[in-house]
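Below you'll find the structures, each written out as structure tokens.
Note that chain A is present in both complexes that follow, paired respectively with chain B and with chain C.
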Partner chain A sequence: MEIKIAEEDGITVVTPVGRVDTSTSKAFEDGVMSAVASGKKLAIRFNEIDYMSSAGLRVVLMAGKKLTASGGALALIDMPEKIFSVFRISGFDKILKIFPNLAESKEFFN
Partner chain B sequence: MLVKIKNNIEEISRICDIVRNFCVQNGVSDEKYHDVVLILDELITNIISYAYPDGGERFFDLSLEKNDQYIVMNVIDDGIPFDPSSQADPDVDSSIEERQLGGLGIFMVKQLSEVIEYSRVDDQNRLCVKVALCNKNKEENHGD
Partner chain C sequence: MATLANILVLDDEEDTEDLVRQYFRHQISKGLFEFSFAKCHEESLDLLKRQAFDIFVSDINVAGMDGISFIAQLRRKYPLMRSVVISAYGDINTLRAAMRGGAHDFVIKPIDFKDFSDTLNKTADVVKKLKQSEATTKKLSAISDELDVSAKLQRSMLPGNVVRKGGLEIWADTVPAAEVGGDFYDFFWLSDTKLGVVMADVSGKNVSAAMFALIGKTLIKSFSKSYPSPAECFKYVNKSLCAENVATMFITAMYGIFDLEKNELLYTNAGHLPVVSIRPNADPIFLECDPGMALGIWEETAFVDNAHSFSPGEMILLYTDGVTEAANKEGDEYDKERFLEVLKKNSTAIPKALTEALIASIREFTKGTPQSDDITTLCLKYRLRVAPNVS
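Let's look at the complex of A and B:
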């Protein structure tokens, strides 16, 4: 799988592409954790993935925990309904910040 | 449709392609394809990762069918006994600091399916999971 990492207005944006499952979650974890280590403001974009299994959710939660502990911030953006349903079922919508797009997460980061 | 699966995590990607083709050929919606592929990913990953602790090359079976009401998945393996339907659910109301990293996969299988039946017969784990084709399941659905 491909992981795109970009800087957009001082925010590190990580975009996984394809399937985030057990066989690809290590690449996703490496991409997300390098962004967690280098930046305090991280957004993960979800509109280029087919699906995300619990292996991927685990990585998102880990990033959220680390950034919460270090005073950083994590926003989840551009999440299609099918992916959002997985976050809702897991209760992650209550402990992580989800925004329609990057522009609407700006206030949260500021 | 019957598929034989090897206990190798690389199989996940092949199974995803098979499920995608099955759903396209049977006119299954993208939303239901998503639920089915996620459920099978979780179940198959569990078997590959935990059912055969002694290692070695092993195989297990998946069957996939569609009827008027359901997509029916049957997974049969001869690994160590494991009943997903009896696993404790994670606490989905805990704070981010307290939230545990594990236990989510089986919970999602339970939440996304209508029926989950387990039996241990002839030293085999036999699991039947059904996903309803229409949206009258336990989760409230958006705009339906």
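Let's look at the complex of A and C:
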């Protein structure tokens, strides 16, 4: 798996590519956490991954907790139905902010 | 870089020891080199028996002995020691033979002490690296032994595979992807007629996940004794897990109490995959319910009890995402359709046969790819015992 990190309109956008499972979750964690360390407004884009296991959910949750604690914010964007169901089943959709796309998360960040 | 090295010099010439001690006096006084001297092979062996050396320096032509085979013998016996041979100028064939036989380096007579010193320093560095690598290998092997023990411990904390009582039959199993896994199941009797069943998946794998799993499993079992409602039990398990969860780990779990008198399953769901109900020769269905959040995330999570009544011959299956999300070489997932199809085909089987058919089908689908997640299943079947018709 690969992780793309880019700056879009003042928001750090992390885009994992491929499968986030047990064997790749460490790379995902390193990528997301380096972005957490460098910016306060972070978005994770999900439309380039095929699969995410609970190990990946944990990374997203950690990023959310870290950002909230430091006065930052995390938005989850461009989430296909299949990945959304992983968030819905585990109940994470209730505590994480999910938006259709980056544009619609603007208000949340402001 | 200079390194502390213990060096054994074998030479039958009288003045070698004096020359060496004189030239290396600074290194010796600084404790960088320590020299011992032997005049024959027997004496060398004797010294080697008594203390460990890093470098063995030998004149290849010590009178009357086969220096090359001696070096080869030392290489086998002391794998962390390296040999430096001293040979006469132009004796290239002997040198080649010595190097082939296991010598590490050589110096030419008459000895240029500057070159000799460099050679000793370089060899000492090599030995130091060898020792470090040996130490790392030992550590890794100790860790690997620890993992074996953890795997055994984890295996031993599971309640076994099978329960049979009256008309009730359970078959449960787990196939971890790593040495130790993050999935666990449990079943325990709460009374003569009530059996608790648990299916859970801890985020992450290996030792940290296994430790968190052990905590979760223990909490569920102990709170189950105090709270007859699965939802209440999870409420307190969740609070306890949230209290000291510094590693941001969580557990998705399903906990149910099967009541043999009511023929009913009372269950609650903490972010876990829905239970499947399998009735003879019918399409299996997911028992959808509003899942509470996974355990260990948010202290105030509310859980809900759901009741499911069994019909004759019905089975329920609890499982983890290692089942439905197992991927094949092309990256396709085993998915719900294949899952439900196998369950339907085996809808009249006993729990063990159904579970085995399911795992065989996953294995067939994922052939040629390493298992990426733990695969855990628990199947419960209850056949009502019909009273004999006395007329």
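To be clear about the criterion, the second predicted complex is superposed on the first by the 110 of 110 C-alpha atoms of A that agree within 3 Å, B and C clash if a C-alpha of one lies under 4 Å from a C-alpha of the other, contacts with A are read in each partner's own complex, and residues count from 1 in each chain.
Following the convention adopted for this analysis, contacts are C-beta pairs under 8 Å (C-beta built on N, C-alpha and C of every residue); 3 or more make two chains touch, one makes a residue touch a chain.
Quick caveat: nothing in here was measured; it's all calculated off a predicted structure.
Chemist: Chain A superposed: clash or fit between chain B and chain C?
Modeler: With chain A aligned, chain B runs into chain C, so clash.
Chemist: State whether A:57 touches chain B only (first), chain C only (second), both chains, or neither.
Modeler: After superposition on chain A, A:57 lies in contact with both partners, chain B and chain C.
Chemist: If you count the residues of chain A that each partner touches, which comes out higher, chain B or chain C?
Modeler: The partner making contact with more of chain A's residues is B.
Chemist: Counting only touches as set out at the top, which of chain B and chain C does A:4 meet: first, second, both, neither?
Modeler: A:4: touches no partner chain.
Chemist: Of all the chain A residues, which ones make contact with chain B and with chain C?
Modeler: Overlap of chain B and chain C footprints on chain A: residues 19, 21-23, 50-51, 53-55, 57-58, 61-62, 65, 89-91, 94-95.
Chemist: Give every residue of chain C touching chain A within the complex, in rising order.
Modeler: Answer in residue numbers: 177-178, 182, 201-205, 248-250, 252, 270-273, 291-294, 297-298, 301, 321, 325, 327, 331, 333, 372-373.
Chemist: Using the touch definition up top, name the residues of chain A that touch chain B in the complex.
Modeler: Within the complex, chain A contacts chain B at residues 19, 21-23, 50-51, 53-55, 57-58, 61-62, 64-65, 68-69, 81-82, 85-86, 89-91, 94-96.
Chemist: Provide the residue numbers of chain B that touch chain A in the complex, in ascending order.
Modeler: For chain B paired with chain A, touching residues are 9-10, 12-13, 16, 30-31, 34, 37-38, 41-42, 45, 49, 90, 92-97, 99, 101-102, 104-105, 107-108, 111-112, 139, 142.
Chemist: Mind listing the chain A positions that touch chain C in their complex?
Modeler: Touching chain C from chain A are residues 19, 21-23, 25, 50-51, 53-55, 57-58, 61-62, 65, 89-92, 94-95.
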